[in-house]
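Shared chain: subunit A. Partners: subunit B in the first complex, subunit C in the second.
== the complex of A and B ==
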């Protein structure tokens, strides 16, 4: 089983459009895992029918039990997030401001404070439109993605791939280089770095490559919108040579990307003749 | 020499977990005593953020001289491990513990971490 992660240091480079199209050409061989949970959008194209869903718990919130509370105010004075509200002589937790750090619980001599684990969303195993399985998650308002959630989605995807004898897991990772990205990279065999020729595209490519290289993961790069700034595209190519990153494809700017997303389609469905050479070429190189 | 492994099982046939922070088990082999002990790390599944530093803390307490793992620790975890002058070997993901130990003995594993 080979785990391939599609990531982009910078958002908006076309990462999910490419992931969706890859799942179209490789539908018989892959299980898709959407780990870009903060802004999940793969489901807009894959239109999954959830077969199995479970609650996902993560993070804690403090709760004050008014029966035990002695109104000493210790919690109020230590909270760094100003998440304890004083009403006359009573104290309450401001739910949205609480970070769940537990400092208040630690200082409460009356033991009136509990930390309750929060249900923040749902994890789904679904049948996707192209015939592949999709493992994805749905977070509630204010909940954020985490290494824990990504690890869970990937663990489920691994199980589903084994059960269905699929050779590949294609992970749609999240932008940036934080905890969720590290979690999506760890255990992966290959990382597809999707970038664009802008300064932030270039800098973010460098740092996401550094992260992948630190974890000893082989990388390939797709330069999307390559013709909008030939100068920076040339700089990106220099970096690819210097860092020994495989150039997987150079894709010119094309409004098919927003057009396809707007219609809820992948690029291949919009114009198969135009996009098949690009997508197939990428798939053959990374598989 | 005490050698720590990240692994998805508890014996010599266990597969090395390529993940550092979210490894299911840490196995510790004491070469002098010829003794293999396992430390259950599965509660890490419940940790939302900072899995690497927490696992590093556990390894810190075990005080091995060598760590054998797959992808290698991230930057924050490595900063902790540097304090015990640990030699980190990576690239063993997917091997059995026995294979990884032999590969280490034959100098076939690359150094892990940023300064590799």
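== the complex of A and C ==
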């Protein structure tokens, strides 16, 4: 089984549009995994019917029982996250700041502090419109375990792929280079880096490539909106040669991207004749 | 007055709005811009300021002092993040998983896990005319962005002079790093685009800001693509649309070269004036 991750560093370069179209041409061979759990949008195109949904618990938050609290302030003085609020001589946990380390619980002599495991999201296994399976998730507001939820989505996708004898898992990743991206890269065989020819896109491409290279993951690159700045497109191509990154496709600026999203379609459905050569070419190179 | 520029969806124009707003405001007031999109900071490409100082940022993680250790295993059982493992007669620290709570280090009966600095990233301070600009960049391979975001805010609060405006270019999404970048703001501008993706992620961002009890305004970028649903949503939710930016190839090209839109486009200057006027009204 081969796991292929679509990432970009910079947001808004077309990751999800391309992932949706790839799932259209490869529907018989892939299980899709939406690992942009912060801002998951793939389901808006794939319109999945959830077959199985599961709460996802991860991490803890401290709770102070005011009946037992002796107001000694020990919790307040050890917390490194400023997550304990002092109100007169009462103490409360600031929910969004608590990282669940439990230090406060260890120093509370009155045993007034409990750690409660948190439901941080929902994970779904679904039948997507094009005939493939989609594993996707919803992260709760302000939850700080997105890396773990990404790992869970990928684990489920692997299981579903095995059960259904699919050879590929295609992961729609998140922007950035932090914990959800690192989590989506772990175990991947190939990373598709979607970029655009802007100085920002170029900077971000370099950083996300460096991260992928640390995991020794082979990379290919799609240059989207390639004609917006031919000069920077040329600079990107130089970098691809230098870093030994495969050029998968150059796609011109085209408002079919927002047009397809607005209609809830993938590019292939909007204009198959125009988009098939691009999408098929990418799929043949990465599969 | 601290204004955070955020969004649920990536690539909607946070950086474009943040740099233009900050440099435009700096023509008439003292202003500070912070780039707290620490995983992929891009504002510096647009600001092109003169470097004043560089401050390395560190995070703390324990290191094992083998001779001092009694191998009681207390540290491994305390750590909620599986960052410490006891393997036979060895204690193994996995610094990537460490949240720097200090519990293992301070609760160790013999002090065998002293905390040590590890690289987290770098904070660079620039000046461009009346604008102070702080860029915070995360070291590649570091998983947690929030410690750098918190340190950057502390640095601004403690080390830099007060300014009329402080603008923050935030990371995308709605998880912990976005929350920490917005939580000290007096006002949050959510930038979106008028497509179903933009709307879906805007809803998440609005819910997040409501939990933080932040006053918000929405800027809709790339008007002309998509549909009216974002405006309908804002109207129904009573959220003010404080500005719109037209979809144009010209803007895309200016952005690609990291050039400022307000210097070329009068309509956009009016948009910025209007946004600044609304912000002043919040005070």
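Definition applied: the second predicted complex is superposed on the first by the 270 of 287 C-alpha atoms of A that agree within 3 Å, B and C clash if a C-alpha of one lies under 4 Å from a C-alpha of the other, contacts with A are read in each partner's own complex, and residues count from 1 in each chain.
Everything below uses one rule, namely that contacts are C-beta pairs under 8 Å (C-beta built on N, C-alpha and C of every residue); 3 or more make two chains touch, one makes a residue touch a chain.
None of these values were measured; they are calculated from a predicted model.
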Contacts of A:12 with subunit B and subunit C, given as first, second, both or neither: second
First, second, both or neither for A:179, with subunit B first and subunit C second: both
Which of subunit B and subunit C A:198 touches, first, second, both or neither: second
Touched partner set for A:151, first subunit B, second subunit C, both or neither: first
Which partner, subunit B or subunit C, touches more subunit A residues: C
First, second, both or neither for A:50, with subunit B first and subunit C second: neither
Which of subunit B and subunit C A:216 touches, first, second, both or neither: first
First (subunit B), second (subunit C), both or neither touched by A:71: neither
Which superposed partner A:114 touches (first subunit B, second subunit C, both, neither): neither
Subunit B versus subunit C as contact partner of A:187, first or second or both or neither: first
Residues of subunit A that lie at the interface with subunit B and also at the interface with subunit C: 59, 146-147, 179, 182, 214
Residues of subunit A touching subunit C in the complex: 9-13, 16, 38-39, 41, 44, 59-60, 78, 80-81, 96, 99-103, 106, 115, 139, 141-144, 146-147, 174-182, 196-201, 203-204, 207-208, 210-211, 214, 225, 228-229, 232, 253, 255, 258-259, 261-262, 264
Residue numbers on subunit A that touch subunit B, as the complex places them: 58-59, 146-149, 151-152, 179, 182-183, 185-187, 214-217
Of subunit C, residues touching subunit A in the complex: 8-12, 15, 39-40, 42, 45, 78, 80-81, 99-103, 106-107, 138, 140-146, 171-179, 183, 193, 195-197, 200-201, 204, 207-208, 211-212, 222, 225-227, 249, 252-253, 255-258
Subunit A-facing residues of subunit B, complex: 17-22, 45-52, 70-72, 74-75, 90-91, 93, 110, 112-114
